[in-house]
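So the structure is just underneath, and the comments pick up after that.
Labels for the chains are A, B, C, D, E and F, by order of writing; each one numbers its residues from 1.
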Amino acid sequence: MPMKPAPRSLLDPAASLLFFGAHPDDIEFGCGGIVAAETRAGHRAHLVICSRGEAGSHGTPARRCTEAKKAAAILGATVEFIGLDGDAHLEIRAAHALKLAGILRRLRPNIVLAPSLVENQHPDHYRLGQLVRDATRLARYGGLRELRRWQSHAIDQLFFYAVTPEAEPRDLTPVLVNISEPEIISTWRTAMAAHESQTSARRYLELQLTRARLLGLRAGVEHAIALFPNDPLIFHSLAQAQRGARLF
Amino acid sequence: MPMKPAPRSLLDPAASLLFFGAHPDDIEFGCGGIVAAETRAGHRAHLVICSRGEAGSHGTPARRCTEAKKAAAILGATVEFIGLDGDAHLEIRAAHALKLAGILRRLRPNIVLAPSLVENQHPDHYRLGQLVRDATRLARYGGLRELRRWQSHAIDQLFFYAVTPEAEPRDLTPVLVNISEPEIISTWRTAMAAHESQTSARRYLELQLTRARLLGLRAGVEHAIALFPNDPLIFHSLAQAQRGARLF
Amino acid sequence: MPMKPAPRSLLDPAASLLFFGAHPDDIEFGCGGIVAAETRAGHRAHLVICSRGEAGSHGTPARRCTEAKKAAAILGATVEFIGLDGDAHLEIRAAHALKLAGILRRLRPNIVLAPSLVENQHPDHYRLGQLVRDATRLARYGGLRELRRWQSHAIDQLFFYAVTPEAEPRDLTPVLVNISEPEIISTWRTAMAAHESQTSARRYLELQLTRARLLGLRAGVEHAIALFPNDPLIFHSLAQAQRGARLF
Amino acid sequence: MPMKPAPRSLLDPAASLLFFGAHPDDIEFGCGGIVAAETRAGHRAHLVICSRGEAGSHGTPARRCTEAKKAAAILGATVEFIGLDGDAHLEIRAAHALKLAGILRRLRPNIVLAPSLVENQHPDHYRLGQLVRDATRLARYGGLRELRRWQSHAIDQLFFYAVTPEAEPRDLTPVLVNISEPEIISTWRTAMAAHESQTSARRYLELQLTRARLLGLRAGVEHAIALFPNDPLIFHSLAQAQRGARLF
Amino acid sequence: MPMKPAPRSLLDPAASLLFFGAHPDDIEFGCGGIVAAETRAGHRAHLVICSRGEAGSHGTPARRCTEAKKAAAILGATVEFIGLDGDAHLEIRAAHALKLAGILRRLRPNIVLAPSLVENQHPDHYRLGQLVRDATRLARYGGLRELRRWQSHAIDQLFFYAVTPEAEPRDLTPVLVNISEPEIISTWRTAMAAHESQTSARRYLELQLTRARLLGLRAGVEHAIALFPNDPLIFHSLAQAQRGARLF
Amino acid sequence: MPMKPAPRSLLDPAASLLFFGAHPDDIEFGCGGIVAAETRAGHRAHLVICSRGEAGSHGTPARRCTEAKKAAAILGATVEFIGLDGDAHLEIRAAHALKLAGILRRLRPNIVLAPSLVENQHPDHYRLGQLVRDATRLARYGGLRELRRWQSHAIDQLFFYAVTPEAEPRDLTPVLVNISEPEIISTWRTAMAAHESQTSARRYLELQLTRARLLGLRAGVEHAIALFPNDPLIFHSLAQAQRGARLF
């Protein structure tokens, strides 16, 4: 039985990240600072948005897609829209997980980010998180008829992001991504502001920046975003782990 | 207010690790493979052993200290013995935490490892874990009379190791350290075998190697040891995180 | 209101066990040692397999069914295959739970085993676990039109098994089944090896035996398998409880 | 390395149980029905009471000890009083754990019961639980000077009981002991009523019987008491497990 | 961005409560005492029952609906029946959540009660709880075509009730509602007894009254029912919080 | 047996609150906004500070006490200092719990606030929280010699506050106190700024205001502080509960 291949060298410039969002603004609000940080570090980022936000209180679907495309460009990411059941109508279906697994096989990312599984949030969020997690498994299985045209693919790691503070899991230890560089914060802010139909109605921008600032204050940096790894991280030396997040 | 200094560069050769053990064999059995991996990678490792194992069923205190020194040498680590309350007599006292904080200030390690806080294990184990955690805080506070002769010191990260499987915390997400290189396993095995007074009485060696092999099988490597970070890890890019531990 | 009937006498030879598996090899890998132990003790064991493994990377459906039949024979169990949504396509549907409840009414087992509910594993596993748990309730309800041809049936206990280590629940206290007798281990090993299409591709056999050995070392026996009871166990005397699993 | 000896045969008449209580009435209120059931089944039960209840609002120490002796006699148990730090003054000290370990070595029980570790209850309760758990380990270690006059002893299992409903652990799966026989309930009730200084001031008797009745209604028996095993139970066949506790 | 309007004044006579039940007797058994207390305090209560209990072992659908109407009248509540998938057939569908959201918009309640999300109970119970929670979100979103004819509505709070003791969540801190007034208990008892087809077959009435009495004994009142808030409560002064539930 | 007396009427002007802090600034930083809100609402607030902060990196004990007195005056609260073991030296001792219980009996508060029990924070914080919780029990017991000169006293409720975000318990559902009134925030800010020796060295003020703003954004108010009740709250009507904290 072959072991898994050796891990990519650290800071591999070819690393590619795939972000899934249930609505046109979820990725930007939940972890846009990370998209900005990774593309700035030379990694490739692609966003897959699974509805056009047609159930929202503000903004037409067309406008929201335009906003999302603009935001993706600001973040240095590519973007695509797919249809599942429609905004606020998402259901757990094997066909959806297979569809997402097909995307994973086509794009072959190293790292995948999806909304967290906490159920006390918008139902599309946690259901998409479940479907993505299932999809990362299905993408590996060789016998799936629907996925036959792509080679099977095993990602390196799945991380969950929280669109809002309530969506942060309480039973998983987070990792924090340091997004303190002024250019990263500024890019993130601009990308969030591109969702003008939403930010003009609610204080999303302040919510997210306050959240990142609070984490930054805890961690002794300017701003940080918490992610929740689906599986334990593997290190070759604890020197990789660097320092933990406790200032006070 | 000054921010914390920039993190050490990855794989900083000057990284130093400090391991605390309640008994002469706890470090070797619980995370000896990590000591071997880190010293092999060029990092400095120092072991602080807080009793002479005088309550154990097998081996005199003198013999156990000799075994511990031999094991440390095999692992490429330095070792010292300190007295707290004696084997199986450890109590939570402020004086103990201050004593350990003094050691932290004197040695100024980047990374500290201590036994886990799970209470359903040998009482010296979890109490030492609590004392070390408290000590990592006290080492930072400027006004402590007892610590005045050393400069205050903030470590980078505290990890907990589990001496036995029961001691693995269930509410913390572990990180796994890959110790698959044959030389590392062989060094670890020899270091454990140096505790002959113990290994001749119970299957400690098989217990620990079976544990590391099971984790390795889960993670797609040969052998691995789980550690439990006391605080969230901070990353500058998710590319640092490499892959997660899920093979099956 | 009539109370439940008196419990079966201990070691009742008529006890019958029903095992549910999502794929042709799940039961053997996850708890085959328990099937072997129970049939050796004179109890009846029946396996219900809910797909033909057609999504797997290795082995045709026909081959996998043949392997499963061979494994069941080795374990001294009977086996049947049922169709739900197909491998890697299982969804939570009331019709599935009713179908499983019909099987429970037809076979009237005392004890039922199903895959655990931990969601970070193959989606068919935890969904089947959920469906079986729901089915054990539906089997009791008198008014279900679809189940009218069988008498209602209340099982004695539902246990969950974990196909892989990641599938072990962290919030339920396990019970351990001692499978140390050499004949039991040998039977289990042979039954797992019957799934040659799988074991030739991945180290499943080593994974499971290492897992059982680690539990055995913890418990002071040769090998053990952990099960997770869905409901509290009832004892008439603590002398029934025998000893707990802590050696180190 | 010798394996542990074979388990006692089921319902071994020689099984002996040791109950620890922090105050003269804790055992009776928290699990007196189990004492009654076990002595009725022919097992030996001994109660160790670690204060004279001198901090309570009602009853002199002398009266409370008299009540405890009367209650023990009603339950068919022997009883002894030991001093630790006094009622409402208990502290975690190594000397206390060693003292309790000495009692374990002297009496050599199979099964030990202690108050649960839930910290939101009378501080003597959870501290005694911690000390007893530590003591069950210390009783096994060969090198403890203070315990030299007794042979080391390994108990079979430690169970926690909850003196009040708030003290029931939420993170451990309980086992239920069926105490439905009218003679058992009647004996328990009489033993509780022997603590007249307490029952005349507060509705302890109703509290405990209501608790046992609620568990009984859930489990499909008349009355039951929940215990919380410190370590997983080991079974040789699932037929030992009998049925689970779910009626509604 | 407009803030939410000021909270209703305390004890607002116009407060209206909406209770969802999966079967004709779930509300009465699980929290009928609260319905009685609230209508007695002058609040409006409406019950929405989502099946006719056609899968139950006892009572025809027609009889059960008659019983439910009688019970609602006794409790001073209005009642309506809706169809989802039928008793024991409930599935998680976006269409169901939208249907429930439509009811929320039509009735515009302040406070909503639904069965708890604990999965180890009748599958209709926890699925209805999930659907109601999702519905409370959907009711707020402006763009949902299916809900266009009603104005969007944000409830004040969602509470979960537990139909049986097993359904009480262990990870949420409950709030207790004091239902000690004799008229409330008497009304509740009569309303439960109205479900004669059920109470003649099983000890539901004793189960619920025992449960409420045990909580009352813990809290220092006669009877109480536990509810589990979906979101943190907001206070303007801690004096609102009154006292906590600890007598023993 | 007498039941507890009827609860105080809502918004009882005589309500008195007692706050415990381990260091001179803990109460102000952790929940000073609540002190301000309660005194503004006409309730009495008293602060008990259990060290002079002599281990801190900044500020002499004398200066820190002066700052604490100034801050208390700003908050409209009275203040006293007591000695336990000294800053960074606190140990769990029965004598300490009794001393705190004596204070409870002397001052007879309705509501008590203490630092949370989360152990991964300054050791004085969680130990003081444990001692206060134990003290609230001891204050009720009639037979304690050390407390004889005061009448026994039962508080209404104990709440925990978190000095820093890490100290927020993850297993308790918080209640939120709305401190949005501009005068409250301004008073709180001034009181925190009075601890100039601390705020000039670290961004405590920004940390706490950011934390309160984030909670406010989540809850739909300007600012809020989370508290963690030690025991379930009791309500007489759900109308008391008002609305929950979910805006996004």
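We take it that a residue touches a chain if its C-beta (ideal position, glycine included) is under 8 Å from a C-beta of that chain, and two chains touch if they have at least 3 such contacts.
No experiment lies behind these values; they were computed from the predicted model shown.
S.K.: Check every other chain and keep only those touching both chain A and chain E; list them.
M.R.: Under the touch definition, chain A and chain E have C, F as mutual neighbours.
S.K.: Expressed in steps between touching chains, what is the minimal separation of chain B and chain D?
M.R.: When the steps are counted carefully, the minimum from chain B to chain D is 1.
S.K.: Find the geometric centre of each of chain D and chain E from their Cα atoms only, then give the gap between the two centres in Å, rounded to an integer.
M.R.: The separation of the two C-alpha centroids amounts to 38 Å.
S.K.: Round to the nearest whole Å and give the separation of the Cα centres of chain C and chain D.
M.R.: Inter-chain centre distance comes to 34 Å.
S.K.: Distance from the CA centroid of chain B to that of chain F, rounded to the nearest Å?
M.R.: Computed from C-alpha means, the inter-chain centre distance equals 36 Å.
S.K.: Residues of chain A touching 2+ other chains?
M.R.: 92, 166, 171, 202-203, 230-231, 246
S.K.: Mind listing each pair of touching chains for me?
M.R.: Pairs of chains that touch one another: A-B, A-C, A-E, A-F, B-C, B-D, B-F, C-D, C-E, D-E, D-F, E-F.
S.K.: In the complex formed with chain E, which residues of chain C make contact?
M.R.: 1, 92-94, 97-98, 117, 130, 133-134, 137-138, 140-144, 152, 230-231
S.K.: Note which residues of chain D are touching chain F in the complex, please.
M.R.: Where chain D meets chain F, its residues are 53-58, 85, 87-92, 119-120, 122-123, 166, 201-203.
S.K.: Provide the residue numbers of chain F that touch chain E in the complex, in ascending order.
M.R.: For this pair, the touching residues of chain F are 3-4, 7-8, 10-12, 15, 17, 34, 37-38, 41, 43, 110-111, 155-159, 171-178, 219-222, 224, 226-227, 229-247.
S.K.: Using the touch definition from the top, list the residues of chain B that touch chain C in their complex.
M.R.: The contact residues of chain B facing chain C are 164-166, 170-171, 202-204, 206-207, 210-211, 213-214, 217-218, 246, 248.
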